[in-house]
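Two complexes follow with chain A in common, the first pairing it with chain B and the second with chain C.
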Partner chain A sequence: MAADVSLLQIFMDGVFIKNFLIIQFLGLCSFVGVTKDTKSAAGMSGAVIFVMTLAATVSFLIYNFVLVPLKLEFLDLISFIVVIAALVQLVEFVVRKNVPSLYRSLGIFLPLITTNCAVLGVVLLNVLNEYSFIQSVVFGVSAGIGYALVMLMMSGIRERTTLVNVPSSMRGLPHAFLIATMLSMAFVNYFGVIAL
Partner chain B sequence: MSLTTLVIQAMATLGGLGLVIGIMLIAASRLFKVETNPLVEEVVEILPGANCGACGYAGCADFAEKVVAEDAPLDGCPVGGFETTKEIGVIIGQEVSESEKEYPYVRCGGGIRCVDRFDYVGIEDCTAVIMLSDGEKGCNYGCMGRGTCVRACPFGAIFIDENRLPSVNKNLCTSCGLCLAACPNDILMFAKDSEQVHVQCNSHDKGKIVKAVCEVGCIGCKICEKNCPEDAIKVTNFLAEVDQDKCTACGICVEKCPQKCIEMR
Partner chain C sequence: MDPLSEFIRGITKDNPVFGLVLGLCPTLAVTTSIDNAIGMSAGTAFVLICSNLMVSGLRKQIPASVRLPIFILIIATFVSIVDMVMEAYFPSMFAALGVFIPLIVVNCIIIGRAEAYANKNNMFYSLIDALGSSAGFLLVLVLIGGIRELLGTGGIAIFGTQLVSIPINPITFMILSPGAFLTIGILMAIVNHIRAKKLARGG
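Moving on to the complex of A and B:
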């Protein structure tokens, strides 16, 4: 069914229409946790784009060349968790050895991504939509870009609001949730605008 | 396919997957092993762990790495002070001698004694105030008392006192210097306790302008300069400055200053 969906449609889906953070509400832990300043939000976003792309690639291979031939499709969830966790660990090893500066800036975020449900969401949606290999990878990249977009918007707004005098009962997390609500409402508009 | 074969197949697949991935990870961890100096861990242990960046490196771990590699000075951590320096010396095997601790000194005595040009209502932050036509104060060099330094301090060592000027609690202060960096007017500077005489003003305006807006600002009259027996105080650009190496804290300048802006601690 998914073969006729254009790559541009999938890309727009990932970035805007099915934005993982504020339309599908996946990976919210990092959304409120790491958006206090733009620098760490950018670091986290970079790591997520990287891992999402890799996870989409590898899990497609695992699903189609291991699980489908064995008729064990129902094991997709658990095997994807294992694959993603191992993948992140592997990436961490490689980055620490070869790019120590990147490792230090991503340091805390890489292990965090292991349990980020947005990454698992990309992989499971790929299976659900029966995407081809190219489509899966494009969806992975675009979901990462959409994640980065919203993280940077959110952190930019939150950085600015630190100067604003907010009533004490609303300071911090409640305030962040209100910002998230408005961001989400803005993104809902894309449902009608982008018709490809 | 019966249920048992299905279960066995599922277990075998997942087990096999786990085994393959596990072996790959073991191989990867061997292949990409990074040698770390055990001394770094030890130094990290004794550092304060505030990750304030006052040493000029990205956090305590980075500083520890640099110290062990002898790229950073042993007394590079101002927060830990002499105690930490000594302990680092023990770990690395170097003798260290004590240097005196420095605290932020507020180079402004204005506060409520400096006139306001208008009533400021808005974001309570010095940087925000200064954006509005150079701030509400008549003096463009003085303290605005909106507590940007207070919020910059991770140790709660600065507070705004009743004169609307920042005050430093030396028991809590760790000399990290974050407040110095935060102040938009550069009013704070580091001073040792043994340096007793300080000019409590930062204004480079001419005497007439200073006198019009502030009761205690330096007007650059040079009375202190002429009266100093040690030649330790100099007026440059309408502001007196004390040369702490020459100053003997005799107190003559403090007495003679017509504006009472030189302070003896």
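Moving on to the complex of A and C:
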């Protein structure tokens, strides 16, 4: 079914048209939680791109070469969760051992990714859309890039508006949500950039 | 502890969405109509109640160092049940909610209640806590879903029965994603305002 979708289409879908954060509402906890300054937003985005790509790759292999042959598709959710948790642990070990500077800058963001619904969302959407191996990987990378793009835009705007004098009850989250409204309005216009 | 006040606490002070700001993804994603809001909160409520009961029942057996992976496995089991039951008996609801049914597993409300409450209290209070949080979640979802459906389609219909209709041009904006952010932003501001007033009165 999904074999005829071009890679460019999948890429544009992941980054803009079906942007994970503000069109599909996946990964909102980190969207409002870690966008108070650009540095942590960048760290989180880097970690998410990394884990999303790996998760899309590994879960495709597990689903198609372990679960499907054994007719255990109903275990997909549980196995994906375990795969992502294990992957995050593994990435944490490797990064801590080999690139300590990167580990320090990613810090607490790596363990947080386990419960980030964007990562599980990529994996589940890959299964749902019946993407092939290459398509799954491209979708994982592009969803990560789309996530990073919006996180950086959001944190940039929030940083610049920290000193704005808003009514006291609007301060904090309501304010962030109104900024998100504007960003989301811009992204809605990407519908139909490529004929679907 | 009085069971009734524990129940009310889940709706007011510890309301999952407005009090604790947990579970934002489903709150915004599935509230395009009241039907979806009810379906989503029913699924979440089932998982929350079952996982709270199970975690609370097993809390003396679960070693503290590996409790989180165990919680996640317990939750994932119940989510798989909801996923399969919905696909079999409510196919249209399943299609509308899509990927958000399996994503209940990473809904912070459930693991949050397991960690913060069920892990420390007995089964009866954990059940009350789960019921309260589920009711709070349902109320918020129906409220947001109602506002978006009313303004976005010009009427409210619950499972095919038209309840309200208002003579306006439907604002498609409200059904699309910006409408969700706008609605929750404004609702949160109102909640903050009410809280600040209550605080000023000394309540």
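Here is the rule we use: the second predicted complex is superposed on the first by the 195 of 196 C-alpha atoms of A that agree within 3 Å, B and C clash if a C-alpha of one lies under 4 Å from a C-alpha of the other, contacts with A are read in each partner's own complex, and residues count from 1 in each chain.
FYI, contacts are C-beta pairs under 8 Å (C-beta built on N, C-alpha and C of every residue); 3 or more make two chains touch, one makes a residue touch a chain.
Keep in mind it's a predicted model, so treat the numbers as computed, not measured.
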Subject >> Partner chain(s) touched by A:Ser169 [first = chain B, second = chain C, both, neither] >> reply: second
**OP:** Considering only touches as defined above, state whether A:Val32 meets chain B (first), chain C (second), both or neither.
**Re:** second
**OP:** Classify the contacts of A:Ile78 with the two partner chains as first (chain B alone), second (chain C alone), both, or neither.
**Re:** both
Original post:
In the superposed model, does chain B or chain C contact more residues of chain A?
Top reply: C
**OP:** Would you check which partner chain A:Phe65 touches, where first means chain B only, second means chain C only, and both and neither mean what they say?
**Re:** neither
Original post:
So, A:Leu120: does it touch chain B (first), chain C (second), both, or neither?
Top reply: second
Subject >> Partner chain(s) touched by A:Phe133 [first = chain B, second = chain C, both, neither] >> reply: neither
**OP:** Mind sorting out which residues of chain A both chain B and chain C touch, each in its own complex?
**Re:** 75, 78
Subject >> chain B partner contacts - residues on chain A that touch it in the complex >> reply: 62, 66-67, 70-72, 75, 78-79, 82-83, 86, 89-90, 93-94, 96-98, 100, 104, 163-165
Subject >> Residues of chain C that touch chain A when the two form their complex >> reply: 21-22, 24-26, 28-29, 69, 72-73, 76-77, 79-80, 83-84, 98-99, 102-103, 105-108, 111, 173, 176-178, 180-182, 184-186, 188-190, 192-193, 196
Subject >> Of chain A, residues touching chain C in the complex >> reply: 22-29, 32, 74-75, 77-78, 81, 85, 115-117, 120-121, 124-125, 128, 167-178, 180-182, 184-185, 187-188
Subject >> Contact set on chain B toward chain A in their complex >> reply: 1, 9-10, 13-14, 17-18, 21, 24-25, 28-29, 31-34, 58, 62, 123-125, 128
